[in-house]
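What follows is a structure written as structure tokens; I'll ask about it next.
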Amino acid sequence: METFGLWIAALLTLGIMSFLYKDNPVYKLCESIFIGISAGYWFVSLFWQSMYPRLYLNIRGAVSTLLHEGRISDDRWLYLVAGILGVMMLLRLVPKIGWISRWPLSFIVGSTAGLYFITYLQSNIMNQIRSTIIPIYVPGNLGISISNLIVFVGVFCGLVYFFFSREHKGAFGGAAKVGIWFLMITFGASFGFTVMSRMSLLIGRIDFLFGTWLGLIK
Amino acid sequence: MNFFDKLMKIDRRIIFLFVAAAVILPFFLSIHQKILISPEVQGLYDAFESLPPGSKVMISYDYDPASAPELQPMAVAAMKYCFAKGLKVIILGLWPQGSIQANMAIESALEDSMVKEKNPQYGKDWVNLGYMSGNELVIQRMGTDIPVTFPRDYQGNPVEDLPLMQGIKNFSNVDFIFNLSAGYPGTQEWVQFAADRFHAKLGAGNTAVQAPGMYPYLRAGQLVGLLGGMKGASEFEKLTDFEGKGTKFMLSQSFAHSIIIIFIIIGNLAYFISRGVKKK
Amino acid sequence: MRREIPLILTATVGIVYIISFFIPHRPFGSVETLFSDWILIIAAFAIWLGALNLLRVSADKIYRKKKDWFYALVTILSFFLIAIIGFFFSRGSHFQDVGTSFDYLYRNVYNPLSATMFAILAFFVASASYRAFRARSWEATLLLLAAFFVMLGRVPIGDMISGFLPENIRLSEVATFIMNIPQSAGQRAIMIGIGLGIISTALRLILGIERTYLGGD
Amino acid sequence: MKKTKFIILIIPLILIFFNLSSPQEKPVPLPPTEIKAFDSPNDNGHSISVTWKLSPDDGAGKNNVVAYEILRAESPEGEFEVRGMVPSGENLFDDKGSREKEDKNYLPSHKNYYYKIRAKADNIFSESEVSNPAFAYGQWYHTGKTPVLAGVIIFSIFALTFITLARKGKKLYIRPLPGIEAVDEAVGRATEMGKPILYVLGLGTASDIATIASFTILNRIAKITAEHRTTILVPCYDSVVMAAAQETVRAGYLEAGRPDIYKEENVFFVTSMQFAYVAGVNGLMLREKPATNFYLGKFYAESLLLAETGSIAGSIQISGTDEIAQIPFFIAATDYTLIGEELYAASAYLGKEPVLLGTLKAQDWGKAVVIICLILGALAASFHFQFFLNLFRVQL
């Protein structure tokens, strides 16, 4: 069974790789298997990991306290709201009352908006300001002074580039231009850096094909 | 259309072919590239070297198959080294697939002739405590009580039956912790909970993407050493004298980076020359 | 009814979320966990919409014998294969444990497909850099140079080429400098910008100014 | 004589021998003192904190303390149970309990507890006195989060001011963005070629602001395509996103006055797994050969897979994301890229609604405040004024 699995895995690997030459029936076959399997995977996981523990087990627990202890006050009843919102989502399938699905949608969007308003203010703004507050002049250490100055100028000009209310002209435009330079270096560096991990993945696949499958590499 | 114009519009499949060759060929070549040892890898090796035989090393496997090309060579080299040196290894995983990766690493380590000589035994020379959910809370709980956190190993044996686990209560009974990490939970959590709170001695192996973020911890001494990506793996293999996949992979990596750079240079030459021709 | 209630709901939920961030006292302290659980449950219901949509589009292709209808059939069959195995033949909620049939499919079908698709990136990185990394302007040159230094500085070859230079200006050191100084400066500027963009969009959502996601009428 | 000499010699030797062979007396460390228990600040009322003065033998004296154990009881005479341990040198412990009654670890609010700390040296303990009684209670304001509150207030004031100004009809200038200018041209191209437009919302869920910002852009583009009678294809990664995208596109067609030509099957679900989704969209691109591809939203490693395939298919491509690591790939492989914040601005740009522009102005003012903070901060740090840095410290 394991050898069979290994062959399946190897053939699928080659099938996807054939895409590099051009679109072809083998790739199309792998693609449709891939879509079906992954959608099914997601379908199953969401059921066992969200629906079952979070909705079913909570409600079952609440029902059992009601039956055994006669208590109705249980926080877990709150999960019923989620169940109702979920069913409302499914009402999209009924054209006449499909608009009800906007309720759960706006619940999701509302909590997203609230959550991100706070977290980004804190992590992207407060924390980044804090790590950029560095002494520009460090007595006796020219190296650190210069690198701190570069960081400061980079953040400053980068922010100027993102101003929308002024045209990039004059001194303002000059700063924005320097800002673009910093952004470009950032993108280049991050490109070069990511290349390494992408190559590692390819190397891993080659190792699978020639080593694990064909046994050519020890 | 002259030669350089053609070169600029080269079929991408030719580029693909070169990339494939650059990655595949090194597997079958026996070229040795000079590997310089960086200080953070040396630091990790020194920490391992300072442990007398019989010391207890905890290795946490916090990654899944997706990051295996980078981290598995490190894991294999570390296991070979520990077995050959007679260090006792306690394995656990904060990622579900971590303990499976660990078993795979041990399987390849046991094939090595130096390891075979020592004939390490499960329960005595190594144990695999398996996966435990709870992320950083698992580390925190281990700081107080390891047997309570992991009452059984991955096969379901009670830990009190394992000779290696005798006398292991918390991090003060573990001589060194080595963490292989591909994200959250991983090195950062080990630093914050094991090193900062319980003063455990900690080293780590990370993916190339994650490694730069760990340098602050290295500078502060919270990490004694760090292996970053395949490069780190190959350096570690060189230091421990267990040359393995890291070194081999690194050669492919070098070739692949070079081929991309060569193509960028060719592309730019063609661009400038053909532009120069047109201007005339 | 159709638009007003959803808008009120968005605003209320958003404001409750923001307020509860500052109040540790119950019930506010646990709002975040509760709401995120709810969202997961809604998503678990919504996957039915997605799955039905996928099946409907595929079935439609087969029914009308459209081009490539055979592949649509393969999609439907693979969907049912893994769904049935996952629901009934893989130890219930322990479906992801090692040794289940679900795990077998995951390891031998899903994993190689996904890893290979990911690995194809390596080829595309090469072709994209060949096509796009041309020193057309000063900005493009900066991008190219930064990529060049970092790429070479991360592999042993880089230090071999630059071995004749003093240690602190070898390629690996240059790469580290670029990553630590200008790269992190640029990164911070972008992060602060994104932060402002996100909080401003979030505010627009809460105030009900941005509401296209709710549709018309 | 000889004998006495021998005895005199042997007695001290025996003494020395016995002294050596008797088990070595391990020194007992002095206990920690001044145990103070109090309610843990900024929590929901199920945690008590304890502090103490380190044992004189911790880091000094006999220097043999390795850790402190924290014990708790319901009365000073009651049975003390171990609640936790901290390494030597530390003098604070948060006794965090659960808020669930069923939990073994339950710690009720408003109930008194007593604490003891014992210093641990190998297997020897020395216990402190019992602490004062303390009970846990919940707080109504988290003092550590004040900087964030200040940020919320400042930004909201900016936004509301500019929205009001915009409502009153004040003209607000914004500079042109190349990626946005290209949208009309790109749709026009598709119409001329008689080919569809592909709009990819990315891998975000409806819980990502980037995805929601992308809905607004999708709405405008759907409106333009409806006017031109061009097909727009929206393959979706998430079911909730699919539902919202259907609403969004329908609204666009409605605004253009063409609800009759809206086709729901053009906004469809592919799958929720990253690379399977890419495989599907790539196949779609090569078979449908869209004239223009939009990639706006959250993107991860798939960015380049999509953009390179799009370029193989010969499409014009406009991209934008707030995932910094992916922006370089989009810059390399697509024709126009909206960088980070520009993605969020794009919806306001395309909408041209004055109120949306108002919040864009607020963003700029926000940036100005950040820049001022950075300048002041750099000066303060250079002259060692630590307090300024602490203004931005958020405690969770």
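Here the chain labels run A, B, C and D in written order, and each chain numbers its own residues starting at 1.
The criterion applied here is as follows: a residue touches a chain if its C-beta (ideal position, glycine included) is under 8 Å from a C-beta of that chain, and two chains touch if they have at least 3 such contacts.
These numbers come from a predicted model, not from an experiment.
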{"item": "Labels of chains that are neighbours to chain A and to chain B", "value": "C, D"}
{"item": "By count of C-beta pairs in contact, the leading pair of chains", "value": "A-C"}
{"item": "Centre-of-Cα separation between chain C and chain B, whole angstrom", "value": "25"}
{"item": "Mean-CA-position distance for chain D and chain A (Å)", "value": "12"}
{"item": "Inter-centroid spacing, chain C versus chain A (mean Cα positions, whole Å)", "value": "3"}
{"item": "Averaged-CA centre spacing for the pair chain D and chain C, given as whole angstrom", "value": "15"}
{"item": "Residue list for chain C, restricted to those that touch at least two other chains", "value": "18, 21, 39, 42-43, 46-51, 54, 68, 96, 110-111, 113-115, 117-118, 120-123, 125, 127, 129, 131, 133, 143-144, 147-148, 151, 154-155, 179-180, 187, 190-194, 196, 198-199, 201-203, 205, 213-215"}
{"item": "Chain A: positions in contact with at least two other chains", "value": "16, 19-20, 28, 30-31, 34-35, 37-39, 41-42, 89, 92, 102, 105, 108-109, 111-113, 115-118, 121, 125, 129, 132, 152, 155, 159, 162, 183, 186-188, 190-191, 193-196, 198-199, 201-202, 204"}
{"item": "Multi-chain contact sites of chain B, meaning residues that touch two or more partners", "value": "12, 16, 19, 23, 66, 208, 212, 229, 253, 256-257, 260"}
{"item": "Pairwise touch network: line, ring, star, complete, or other", "value": "complete"}
{"item": "Sites on chain B touched by chain D in the complex", "value": "12, 143-144, 170, 172, 197-199"}
{"item": "Residues of chain B that touch chain C when the two form their complex", "value": "10, 12, 15-16, 18-20, 23, 33-36, 38, 65-66, 96, 100, 208, 212, 215, 229, 231, 234, 250, 253-254, 256-261, 263-264, 266-268, 271-272"}
{"item": "Chain B to chain A touching residues, read off their complex", "value": "13, 16, 19, 23-24, 27-28, 66, 68-70, 207-209, 212, 229-230, 245, 248-249, 252-253, 256-257, 260"}
{"item": "Complex interface listing, chain A residues touching chain B", "value": "20-21, 193-197, 199-204, 206-207, 210, 216-217"}
{"item": "Residue numbers on chain C that touch chain D, as the complex places them", "value": "18, 21-26, 29-30, 39, 42-43, 46-51, 53-54, 57, 60, 68, 110, 113-114, 117-118, 120-121, 124-125, 127-129, 131-133, 143, 147, 187, 190-194, 196-205, 207, 209-210, 212-217"}
